[in-house]
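The following blocks contain the structures, represented as structure tokens.
Next, two complexes with subunit A in common: one pairs it with subunit B, the other with subunit C.
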Partner chain A sequence: MTSSNTAEPPPTPMRLLVFAGFLGSGKTSLILPLATLLAAGGIRTCFIVNEVGDVGIDQQVMRDGGLEVYEITAGCICCQLTVDLVTTLGEIETRIHPDVVIIEASGVATPTGIHSALDHYQGTPLAAIHTVTVVDPTRIEALLAVMTPLIEGQIIGADEILITKMDEATDDEVALALDAVARLHPQAPVHTVSVHDRAGLAPALSALAEAVRP
Partner chain B sequence: MTAPDHLDPYTERLRLRGRLEQPPDLVAGLLEDVARRCAEGGASLIGHVKAHARTAQGSFHCNLASIRSGAHSAGPLTVHPAPADSMDLDLAVLVYGLPRETVAALVEDAVEGLREHGVTEWVCAAHAPTDDHQPQE
Partner chain C sequence: MTTTQELLQQRKDRIAAAIALEKPDRVPVVPLGDAFAANMMGVKISDFCTKPEVAYPTMIDAFTQLGDLDGIQHASYNVSALSTIWLSKVKWPGRDLPDNELWQVEELELMTTDDYDVIAEKGFGEWLGGFIPRADLGEEFQLFREGWVPTLPAAMKAWEAVGIPVLSPVIFTIPYEYFCGGRSMRAFVLDLYRMPDKVEAAMQATMPFIKETARQVIRGLGVSGCWLGGWRSASEFLSPKLWERFVLPYYKELAAVVIEEGITPVFHFDSNWTRDLSYFLDFPKAKCVISTDSMTDIYKAKEVLGGHMCVMGDVSPSMLTLGTPEKVKEYSRRLVNDLGPTGFILAQGCCIPPDAKPDNVRAMIEAVHG
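After this line comes the complex of A and B, so read on.
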């Protein structure tokens, strides 16, 4: 006897939105309003926050915002803690099975490393992995000079780029950031935003929400 | 410019006591002082200096990505700041080019400097008696 007419349909595979970007670039500040937008759209979202230090700060900030957060601390999920990433993702699928999982990578992670780690995920194949890299224009010149492989890798590995802190950056700094993105990853959609005064924020967050909408 | 030395993350849980008039301003000042001391102490790059704080009146967070931009506080307690007599503070100092023992000493000096701003006592939370802060409804 089959139960094909009454069986529950299989759950929709989870979608991943990965936030990359150097330390202090503004990832958490962007995730908070994005979470509100996704919740308003009825999209069930869970969060994984990775920090290199032993004591996590960002996960506490996100919990203050009412978010359900899993934390991975004391290392980086793209190299040292790849097993923790896939284990945590499996736990989220089993226990919660949200529509979307947002991963806030550590500031020293590369999208390529995270994608390689996710290759080892043993759960239901993911419906999508969308990666956004947050670029801080106020420090882009120095970071490109001294952290070249990391910063270039974060830009090259992204599906979408958010240039933040537009309220703080000078015109020259913004131009430099835009030039760097155009040189390294000319195909990437680019948004310029300021969380502080919300300039450009709504269309950028809408684009991210659309990228992971079930 | 050459690549900075490696990142040796420093984190600590602190408990501060005293007459803390404006906790968000106090923590912002602390983060700026820590960053300045790290830069003067030989850090090749300030990555991120950040904190999450809890008092009986609520919580807030504060972060600094560069000395130029300074520290910014946000969160519930920054909307309606209230004095506190105690604060739990989780602190992360992510700077390149300094071993964490050096950062720890610089942080200790910076926290000692808070005595000029109403802090009468501070300890690492691992050594503090249990006194969980629950934000007021």
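After this line comes the complex of A and C, so read on.
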């Protein structure tokens, strides 16, 4: 006879960590060390890459780092991605049910757009969605001038900002990036990091891990 | 009893009335689905997207099972068309991907910044002749020009033989889309910042080729409408100033040619164009259709442009896949009631996705019938 005493407790709802940021801003380079950190803390993690074009990730490296990788691609640039994101998330919940799903959003997506897509998710309600936008200071001046609504939307919609490539950027470029974030989203916690020499990386990743810790 | 020819004419008249901002007997529904049709009919995507003799019969078989539609947006499909729009390599199912995976545009820098100078100096046509082999796009352009385009008249005829007119069987677009694809979006954005005059000179030098090609295709194929596509050039990405400089004038120029040739430009706009809707008041009245994909606010489009151009859309691809027939019908009916009866065509936003539920598509089509 079965009873509620012997039944498995329902699994903890999944938590999402969404990485936004324009193409080439360094999202992928941040995700592997973050996943390693999460794995070291016993947090089961999956990764959805939802990138337009030159994905450039080595999925085997990701897998070797203990990460289940799901790649979403679409025929052109647009409408299929929402559906694929939602169905992939459903598949992950059914098959793996990790603690955390990291989503690398398309470089032309905004956090608002990702949240709208996730409104269609029909699985167990998610425990949390935390969005971090990665800002590349070496290109911020050009990107803000050209892709103004997109880049502003990526910054405004974030819960947290990571300014990357600190080892490559000049002081003026970093100042410009910090000014843009302060102007657009003054409440957002900001981290400055360099994946290359790991400067600032540990506290930034710890903060992200904490944001999605069950 | 109504003959197929009479039915065809009724449907053509209904669509024509909607475009002319006259009151049709009811709102027309004009969908589009490519890989969706292949999946529904159990046809391999690799065959569907490369073999014209498979593509259009599959689409006809699928859509004639889905209800009483008034037209179809495209007569056929071929994956090679994507390479011609974005000057890009595309991974093909059956060639680069498993047979039933969806094609995938590759974001590679096939063009260099030097190409802008060559285009400005020699013109786009001459440049393209050298670019195609250099970018290894020979197979794509050959299939497009020799394998697919010549089959379009037969495809359109086959649709008309079952009483369904084809609204916009061919696609033209602006230089922004070509260059953004050919350079890759990542590089092209920096070009617009670092060398805007050079990019602009190349765009201006490209327009004669695009316009001449459009004229030849329209006359050669005898189409009554075309897509003027906008994907990467959407308002939601680009600064207003740059959009006014690098996007708008080219749509104006291209639309003028298409209208001069006596056919209907259908602005097929993916992503969000809400910010710039009012610019389309400058286009000729009652001659164009603006088709939005559910990201643009279609109610705003109707409010701004309703007395000026026909609005088409916008049952979202997500709803067609993840929703229920009840939800699809409810949303579609709301569009018909709120945006009709004049100047509105019901359709999916963008394209019916490959994994949409046929019952949901059926519900959208039924919605115009009450």
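Keep this in mind: the second predicted complex is superposed on the first by the 193 of 214 C-alpha atoms of A that agree within 3 Å, B and C clash if a C-alpha of one lies under 4 Å from a C-alpha of the other, contacts with A are read in each partner's own complex, and residues count from 1 in each chain.
Throughout what follows, contacts are C-beta pairs under 8 Å (C-beta built on N, C-alpha and C of every residue); 3 or more make two chains touch, one makes a residue touch a chain.
Remember, predicted model here, so these are calculated numbers, not experimental data.
Q: Going by the contact rule set out at the top, does A:Leu23 touch subunit B (first), subunit C (second), both, or neither?
A: Both subunit B and subunit C are touched by A:Leu23.
Q: May I ask you to decide whether A:Asp136 touches subunit B, subunit C, both, or neither, giving the answer as first, second, both or neither?
A: Touch status of A:Asp136: first partner only.
Q: Using the touch definition from the top, say if A:Thr82 reaches subunit B (first), subunit C (second), both or neither.
A: A:Thr82 contacts subunit C only, not subunit B.
Q: Figure out whether A:His120 sits in contact with subunit B (first) or subunit C (second), or with both, or with neither.
A: In the superposition, A:His120 contacts subunit C only.
Q: Could you say whether A:Gly107 touches subunit B, subunit C, both of them, or neither, answering first, second, both or neither?
A: In the superposition, A:Gly107 contacts both subunit B and subunit C.
Q: A:Ala145 contacts which: subunit B (first), subunit C (second), both, neither?
A: Both partners, subunit B and subunit C.
Q: Contacts for A:Glu168 in the overlay, against subunit B (first) and subunit C (second): which applies, first, second, both or neither?
A: Touch partner of A:Glu168: subunit B, not subunit C.
Q: Once the complexes are superposed, what residues of subunit A are shared between the subunit B interface and the subunit C interface?
A: Overlap of subunit B and subunit C footprints on subunit A: residues 22-24, 52-54, 107-108, 139, 142, 145-148.
Q: Okay, in this complex, where on subunit A does subunit C touch?
A: My answer: residues 22-24, 52-54, 73-80, 82-83, 86-87, 107-108, 117, 120, 122, 139, 141-143, 145-150, 153.
Q: Of all residues in subunit A, which touch subunit B in the complex?
A: Spelled out, the residues of subunit A in touch with subunit B are 22-25, 29, 51-58, 60-61, 64, 107-108, 136, 138-139, 142, 145-148, 165, 168.
Q: If you look only at subunit B, which of its residues touch subunit A in the complex?
A: 1-4, 7, 9-13, 44-45, 47-48, 50-52, 59, 61, 63-66, 68-69, 74-76, 90-92, 94
Q: Where on subunit C does subunit A make contact in their complex?
A: 35, 82, 102-108, 184-186, 189-190, 192-194, 231-232, 235-240, 242, 270-271, 275, 293-294, 316-318, 321-322, 349-351, 353-355
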